[in-house]
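After this come two complexes, each holding chain A, first together with chain B and then together with chain C.
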Partner chain A sequence: MKAGYCCIGGILWVKNGDTLLLVDDTQRRSWTLRGDEAIAWELLCTGYRYEKLVRQLSLILALDETAAREHLQAMLHTWHQKGILQQNGAGS
Partner chain B sequence: MLRLHDTPQAAAIDAAAHVFAVPLRTRVLIYAPLHNSAAIIDRAGLDPLRQHLAGGDISLPAALADFATLIATPPPAVPGPKSGPLIPSALGILSTRACNLACRYCGFLPETGQQHMPPSLARDAVNWYMDTVATHDIAHAEIHFFGGEPFCAEDVVEVAVHLGRRRATEIGCSLRFEVATNGTFSEARCHWVADNIDTVILSFDGTPDIHNKHRPRRDLSGSYDAVHRNALILAEGNAALSIRACITDETVTKMPELAAWFCETFHPEAIGFETLQPTQWSQAADLHPPDALAFARNFMRAAEICAEYGVQTAYAASNISAKQVTFCPVGKDFVIIAPDGTLSACYLRRYEWEAKNMDLAFGRFDARTGAHFDLDHVAFARSLNVHNKPLCDGCFNKWHCAGGCHVNHSLGTQPGDYDRLCVQSRLITLYNILKALDQVALLEDVFDDAAALQRMLLQPSDRIDRVEVPL
Partner chain C sequence: MTNLAISTVCNLNCPYCFAGDHMGEVGGEQPYISRETFAQQLDYLDRSGIDEARLLGGEPTLHPEFPALVAMARQRNKRIVVFSNGLMRPAALDCLMALPETHCHVMLNINAPALNPAPVLTRQKATLKRLGQRAMVGFNIYQPNIGMDFLLDVIDETACQRRVRLGMAQPCLSGENDSIRPHQYRFIAEKIVAFARKAAARQITLEFDCGFVRCMFTDDELAFLEANGSTIGWHCNPILDIDAHNQVIHCYPLTGVGAINLDATSTATTLRAHFSEQVAMYRQAGIFPECINCPLKQRGECTGGCLAVTMRRFRHSDFAIQVAEQEAQ
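And now, the complex of A and B:
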C-alpha cells in the first residue's frame, strides 16, 4: 500500500534536539515539527514501506496498529493541508 | 576498612599499596593514581620517600615534602566492586548478531537461534530500563548498541532511540545514545545517525588498501567507499565521531600517518587504536598483532600528531582519568540484552565465554514480567574485577586497565608475568602520565636503552614498598 503522498520539491529539514525545522526555500515558507510529528517525519525519510511505518510508529508511540495507522493518516493529511506534502503523481 | 587506619603504622602500610615507583633510567616516576598525583624524582630520593611512607621520621626536600605528605595519607576512595541490588548503570542492546561484513580478523561466528531482536523486545527493554531510571531517580541514562552490526537491524535501533527519548522527556532525565558500528549503512540512515546518536564508535582501519583488506563485505568487495562517505557525513553532524582502528604488524608503522589523515579528513573527536586480537580467522588471513613496543612507540607518535589537531587519542586500557576495577561493561551492572532476551554482562558471544569456562549471562527478559536476574550470576560478573587478579596487584596501571578483557585477556598468575597486552598498556599509560607531567622525553630516553626498558616493563611489582630499583 502506498502512503499516497510525497514531499513537495525543494523542502529541506534540519533537526535541533527534538524539533525538526522544515524549510521550503523556493516558496520561502517554514514549519516546525515536534513530538509525534517529528518522529513520523524521520521515519518517512528513511524510506520505509507504509505498513512498516505503521508498525514502527505503533511500537514507539505505544498505540495498537489501527490507532497508529489513523494517527499517521491524520498527520499526513495535516501536512498535505499545510503544503508540506502533495498527492502522489501531482508533480513537484 | 576504617579500623585498618587506627594506627599510624597501619595507615602507612595501606597508603604504600597505592603508590607505585617506575624506574626511568636515572629518574623514578612516583605515581599515586588514587590521589591523582605523580612526581619525578632522582633515584637517590626513592629510599627516603619509602621510609617516609613506612612511617619513618625522615626529612625530605621541601619540593617533595607536600607530595610525600599527600600520598602518605590513605587514598580518598579505593574503587570497589558493585554490591547490593542490581540497578542497571546502562542498557546495552544487541540489536542483531548478524553482520554485513566479513572482516578478516573477526571471530564472530554465525550463532544458532535468534539473530535479529524483535523490535517489540527492544520496546519492552527500553520501557523496563527507563522505568528503572525513574524509580531510582537516576539523572542520566545511557543506551548503547552493539552487534553484529547494529544497523543490520536498523528498525530495532530506531524504536529504541525514539522511544527512549520520549521516555526521558517524560521522566525528566538526560539520555545518551552510543553505537559501535562498521559504518556501512545507507546515506539516508547515516544522516539519521548523525542527528540521533550522541557518540558513534566507527570501525575504520585506514586508507582503502588497509581497510578493504581487513574489512571486506560478504561478497569480498571493499567496504571502504561507504565508510569514507559516511565518516564525512558524521564529521559534519551532531554526533561525536570516534574512530576505532585495528592495528596489525603490517600497519603499526603507519599509525602516525593514519592519525594525520583521520584528523585532517574526518575531524573526529577521538581516535582509538587497538591491536588485532588474534583469532583462527586472522591467522588464516595472515594478519598478526603488532609487536608491543612498536605499537606503543607509534601510538605515542600518533598521539603527538592528534594533539596538534585537538583530537584525543585513546587506548582503552590506558585512560588515566578512569579509576576502575573492571575495564569493560562486565562487573559495572551494565545490562546487555541479546536478541533472544538473554540478559548478560558482556556483549561477546556465548561461545567465547564458554571457551574460557565462563557464563556471563545473568538473567532473562520476559515481555510480560520484565527483567529477571540470577543473583549468583550477577555476583559472578561482579567478582571479575582487578581485586581478584593477582597479576595486577603490583602494577601501576591496575586502576586504569583493571586486567583488560575478562574473556580474551588471559592473565598469568605470577607477579611480573606480563604479556604483550600488559606491556603495551603499561607503556601507553606511562606515556599518558608523563605527558601530563610534560616529561615525555624521559620515556623516549628509556626506549633508547634496552636494559632500562626491560627493567621498567618487567619489574615484578611497581609498588613503592616492593620495587627494586638499583641505585
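And now, the complex of A and C:
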C-alpha cells in the first residue's frame, strides 16, 4: 500500500540565499526552512519520486540511504504536523 | 494618503500602466464615479483627517463632471491633487486654473519620446504652461536605457515647478505591463544620478515615487542626490486607492490582493492596518534574495522595494510524493 503527501494549496515559497520562506496565503502563516529542510523542500519541488529523493538526499547530506530515508520521513512528518503538507486524498 | 480613482477611462495606452489589472476589472458600463459615491469618499477623507483630494484614473480629468467633483472637494476645504497625463478638456483645465495655487497640485506625467508622439507633447506642454506653478512633471522609467534630459527643456519652456517626480514602472501582479526588473535597478540608478547632475545645473530637483531601494545607489550617489535637494525614500506602504465603486485596494500594482468595500466607518488608519496585516507575511522578503538579511530592512529603513515585485518572486509547487504507508504514519 502507498500513501503520500502533497503541498497545501495555499502555500507559496521563495528562495532567499540558502533560506526558504514559505507562506500560507489563506491561513496567514509563514515558515522559514534552512539547511537540510531547505534542500529537501527544493528537491521535492523538482518533482522527484520518493526513492530518487532519498538517493539524492543521501548523496547531498552524506548519509547512508537508511539514514536519509529516516531523515526525510521525519521532515515530511514535521511539515505535515505544521500544516505545510497534507496527506494525499485529505482534501485541499 | 489615499487616492480616489474617479475614472477608469484613459486617453493614452502606456505599456507600463500598473492600473491595467484594475481597469480591466472595473471598466465596463460605469467607468466614472457618481457624485453620490464621491461624496461618500469625501466623508471618508473627513473621517480620516485627510485634507487632500488626490484624484486619479485612468485619466481623471476625462470625467464628464470633473469640475463639479473638484467643487465638491473644495467645499470640504480639500487641496486638489490631480494625477494627469495633461491631455485634459478645456473645462477641466479652466476649473483647475480657477483654484488658488496653494490648493491645486497637478502631477503631469509625460512619457518618453518613443511613447509620446509630438502632438501629444505639444498639448502637454500647453497644459503645463497654463498651469505653471500648479503643475509638476512626472516621469515613469519603464525601460533601463531611457532618456530623460528632454524633461529639463520642458520645464524651462513651460515655467512649471522646477521639480521632477521619478517613478520606476512596477509590475502588476499579473505581470502584463512593462516594468523594470530588479537586476536593472543599479543601471537605472546611474542614469538617474547622471540626470540629477544635469537637473541640478539648471536648479531643478528630483523627487522619487515608491519602490526605490537604498542599495541601488552608492553612498556617494545618495549624498549627491540629497545635497541637491532630492526627496528620496525607500518605502512601499498601502497607498490606499479607492475606485469609482468604493472598492479599496492596497495600491494599483497589488490589485489582486483582497479588495474591500469602503463603508461608513472606514478610516485610512483602519484600512491601512487591514492591508498591512494582509501582506505582512510577504514583507519578510524583498525584491532581492539578500533583502531578508539586510540590516536596513531589519531596521525598517528600507522596505525591500515594491511588494508587487516581491510577491511575484513567490511560487507554488504542486508536488505530491508517494511513500510506503507505514512510512507516512
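In the analysis below, the second predicted complex is superposed on the first by the 89 of 92 C-alpha atoms of A that agree within 3 Å, B and C clash if a C-alpha of one lies under 4 Å from a C-alpha of the other, contacts with A are read in each partner's own complex, and residues count from 1 in each chain.
Going forward, a residue touches a chain if its C-beta (ideal position, glycine included) is under 8 Å from a C-beta of that chain, and two chains touch if they have at least 3 such contacts.
Values in this document were obtained by computation on a predicted structure and should not be read as measured data.
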Partner chain(s) touched by A:76 [first = chain B, second = chain C, both, neither]: second
Partner chain in contact with A:28 - chain B first, chain C second, else both or neither: second
Touched partner set for A:56, first chain B, second chain C, both or neither: first
Partner touching more residues of chain A, whether chain B or chain C: C
Partner chain(s) touched by A:47 [first = chain B, second = chain C, both, neither]: both
A:39 touches, of chain B and chain C: first, second, both or neither? first
Partner chain in contact with A:15 - chain B first, chain C second, else both or neither: both
Common ground on chain A, meaning residues reached by chain C in one complex and by chain B in the other: 15, 45, 47
Partner chain B, residues of chain A touching it in the complex: 15, 18, 39, 42-43, 45-47, 52, 55-56, 59-61
Chain C - residues contacting chain A, complex: 277-278, 280-282, 284-285, 289-293, 313-325, 327-328
Touching residues (chain side chain B, partner chain A) in the complex: 119-120, 122-123, 154-155, 158-159, 162-163, 165-166, 169, 188-189, 192, 195-196, 238
In the complex, chain A residues that touch chain C: 1-7, 9, 11-17, 19, 21, 23, 25, 28-30, 44-45, 47, 49-50, 53, 69, 73, 76, 87-88
